[in-house]
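First the structure, in the form of structure tokens, and then the observations on it.
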């Protein structure tokens, strides 16, 4: 019998299994909790429900009660309360649970209904899976296999619709494959707030298109590709590049801003092919910005640094470390360290160790842009809060390295170690750069590399594992997606060697081992380990930094604790 | 011509004979023995004693030394430490030396053969008949006795080598 | 016409003659390896080696193709390969004896030819004079004695290789060779009992044996192979064992000993072993033909002298010593080659005996048989020639 | 299991000498010595290739001489020794006879040093573009030479009859417009 429901839970019966689910849950989500799959196309947990694909049909019923007495009507055959099954199938997505709701997903009626829907969806589908980029992650493929009848009765000519339509700079539409689920339309309207998509014509002429004079060109357009259940919307960048079943998925974090959107990096044999969002309801739901999806192109960019250089000539790693050690020794007390808000927490910790060993001043480069109130925040450094947590900096960085410039001008600093930052772009002028011996740890060629004393190539975020602390003070980890480029060395190893060169203690460079050191040294991270960090991240205590004037405005799942200080320096 | 060949073969024979005694490596010693026999055969050939030469080769070089080598290799004796002289080996060595001296002395004292006899030998040396005649008339009994002794020895060897098989019960 | 030749000092003449014989034996031995491959192929319904060709010979319209199909040029190709490929010397071997062994193999193989007559000519008196380098009285003994030294090459090669299979092979070789030498020697004794009839000068040379097979009359013209079939058979079988040919090639049995004593050898040193084996076969076949196959007589009851007589009726040139010599040598060589073909034919027909079977056949079958054979003929000859 | 004891007949004296058997064997081999040869002289004579023979994998064109492969990479996926490597590419819109296919291989490499001639690629190909045909001898002097690139694969494959004319029909439907 139906158990007594808890205050905010309702008990439903799905395929004979009873489960208590929160009020307002629809049948698809409720069924998912008991591992019952209700196939669907148009339903998306983060979008409004329209119920236009009709795939999630289920059989539904309520316990029978006597209309007059409200007394349960018992079934004499089973001795249980009789269920009044609704004679027509109902859609699962549009049906919210109610107490005592009974759902059946395996009955002949449901099966027939699904087969019918599948058949209708497939009659005009071009069945060009060998060409279609969605093959391998296509709901139509999956559900045709799982719920379709397996053969076609349709002998007439298929519908012809436009193919290779450019909806926008990044999205290509193949209308023949479209099943009119309207997920993309709802996303554009509801999430991206850029209502450009709609259906035109009727019946089998129905076609997805942009409104006249508009284009799907907002910074979130590629999310429509992600949520398209079939291969109608495809990414122009990823189109015809690689089949998805060859790609290895690695969890990563979007580095473009301090939002820290969770992502998946898809790679094959050391080459990254695309980046897609990963669901994290606390950070980015299931979305990410288009701008974050092309960051992987930096990995194989032609200007990647691949050789250790001393005074502009190729050298070897150990020699470079020795050269740095000599610089440190010769200029003891006149060294500055420029850390980076793009470095991982681990690297920032080691940068701090380096600065401590050198008794050097530490600086951080600030990057401030305009937040789009969704998933790109104003602070374009993914990890400024990591620098705060690890103690690399105690105040927010200024827009330009004014302090450092002044110290150089005053002759107090003769050697600068920069971890992945371009000092010229960060505010030092040529005269100041000429006065210092520069030690650069970087990934890409920059304007001052030619003038750098020592250049050590390091890794991009896709080639290493680490953690970022996002604007919510949520520490999130990402993993190595592709092997490091030949010639480049892991930042952790370089920093640890430099710490050694500066006379500091030996520090482990493997991430898990390093985290023991970090946990011991940083009280805020005392209970954190890299291996056990949850996929959705872990919130750190933000109160010690609550007084700092963070630049971020409101974004999805984030509200600034205090009014934003107007980006006066922007 | 003949003297050159004689010198060649006699030098070979003597050197190899010394080599047999001196060589610590048993295989080398056996090789020296073989060459020594070949040298002696060559000397025989120069005396026109072809029969002797080839019988020497056939029996000693072809079979006996081959078996020597065979056993040396099977036992792999070459790595062994040589034993010092014990009482009995010293005695045996002295005996052998005495016999050698006696033989040399005999040849020196009365080893000179008169020319007619040498000529007769030379004429008959190449021929089978004298050998056969001697073997089957004058020396028939010794040959038979020696043959019989060899047969007994061979039987003894077979019995001895078969003994192990009877001692260990067959399974 | 050839007087100038006889004016050359004897030593040089002998040297030249020896060289000539080696120059014949060596290529024949090499060609035998080719013939072996061809015979094997034919027996197995294959065409065999037929690809290698020298360009300007290939241009000869009919002959060139024929020679190519026959695989003649593979001999040269093989020889060239043997000569020019890297002659490796394994690190674990006893280098001195390892290098010595193939040389030792060649010495008896080529030395035995010295005492084997391979033809005859008619002297001014019309008497048949055998042609040979050194026609010794003790010919057969010399062949046995010198060829018995061939075992050393196998023993040394096997031992010096310092490896398992070669050593096993060499042990087998020495035992097998010594075992079958006895039967072989005993099997030829009846022949020499027969040819050393009372009143004749004693000899163990081949000349007399052939002479005995060229006499007029039924018994006189009969080859010893017919007169003493058992002797011939025993000699024949022992010859297979002595030359390590199938079915007695337990010494070199690839299936259980890889390559036996020559497992570790390659290139030219390996080739020398092969040439030595074929040289042994050639000399052994020659001896067999001299003793049991009528030597240079063309057919049983048809001695060489008769043939020459018939031919002389056609052209007087036929009785010229040179022509007779060439004719007799050709007949003899033909017989030898036929015999070698028989060796190959048997090789590609019979399976290999097991080693214990080889020993059993040698000691328990062949040896008693040859003793009985000897006794029988000794008694029979004693009666006949009394 | 029942044990059947087979009595071994004792050999007769003649049999124990092996001689009759040896003679019989020699007779047999002599017959073969003169019998006609049964082997093929390979480079000149070629064996008849039976239908269904799995030779070197090749790419084929359709009767119109267009490449059939759409680089779906299923063969690459199914290939057990991972011998196939495809780089997919888009067919530019300016090729009127082929643009509607949209996708084709930019590069198609089959490493014949890896290929095991299993035929799974042929079996899996949805476009009937890859066939293991009667080519059976692949040789080369270097590893690079043993990798068949796209042009070589088409050269080996040639054109095979196509029963479906799938893309022609597609093109016709497009030109015809909506099929309503």
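In order of appearance the chains are A, B, C and D, and numbering begins at 1 in each one.
By definition in this document, a contact is a pair of C-beta atoms (placed from the backbone, for glycine too) under 8 Å apart; a residue touches a chain by one contact, two chains touch by 3 or more.
Source: prediction; values computed, not measured.
Of all chain pairs, the one linked by the largest number of contacting C-beta pairs is B-C. Of all the chains, the one whose CA centre sits at the greatest distance from that of subunit D is B. Spacing of subunit B relative to subunit C, judged by their CA centroids, is 30 angstrom.
Separating the centre of subunit B from that of subunit D, both taken as means of CA atoms, is a distance of 72 Å. Centroids of subunit A and subunit B (each the mean of its C-alpha atoms) stand 98 Å apart.
Note on chain placement: the centre of subunit A and the centre of subunit D lie 46 Å apart, centres being C-alpha means.
Chain contacts here run in a simple line, from one end chain through to the other with no loop closing. Pairs of chains in mutual contact: A-D, B-C, C-D. Those residues of subunit B whose C-beta lies close enough to touch subunit C in the complex are 1, 27, 34, 50-51, 53-58, 61-63, 66-67, 69-70, 73-74, 126-129, 132. Of all the residues in subunit A, the ones that touch subunit D in their complex are 129-131, 135, 156-160, 163-164, 204-205, 239-243, 245-246. Within the complex formed with subunit B, the subunit C residues making contact are 11, 97, 136-138, 141-142, 144-146, 148-149, 151-152, 155, 159, 167, 170-171, 174-175, 177-178, 181, 196, 201-204. Subunit C contributes residues 39, 42-47, 50, 345-346, 348-350 to its touches with subunit D in the complex. Residues of subunit D that touch subunit C in their complex: 22, 25-26, 28-30, 32-39, 41.
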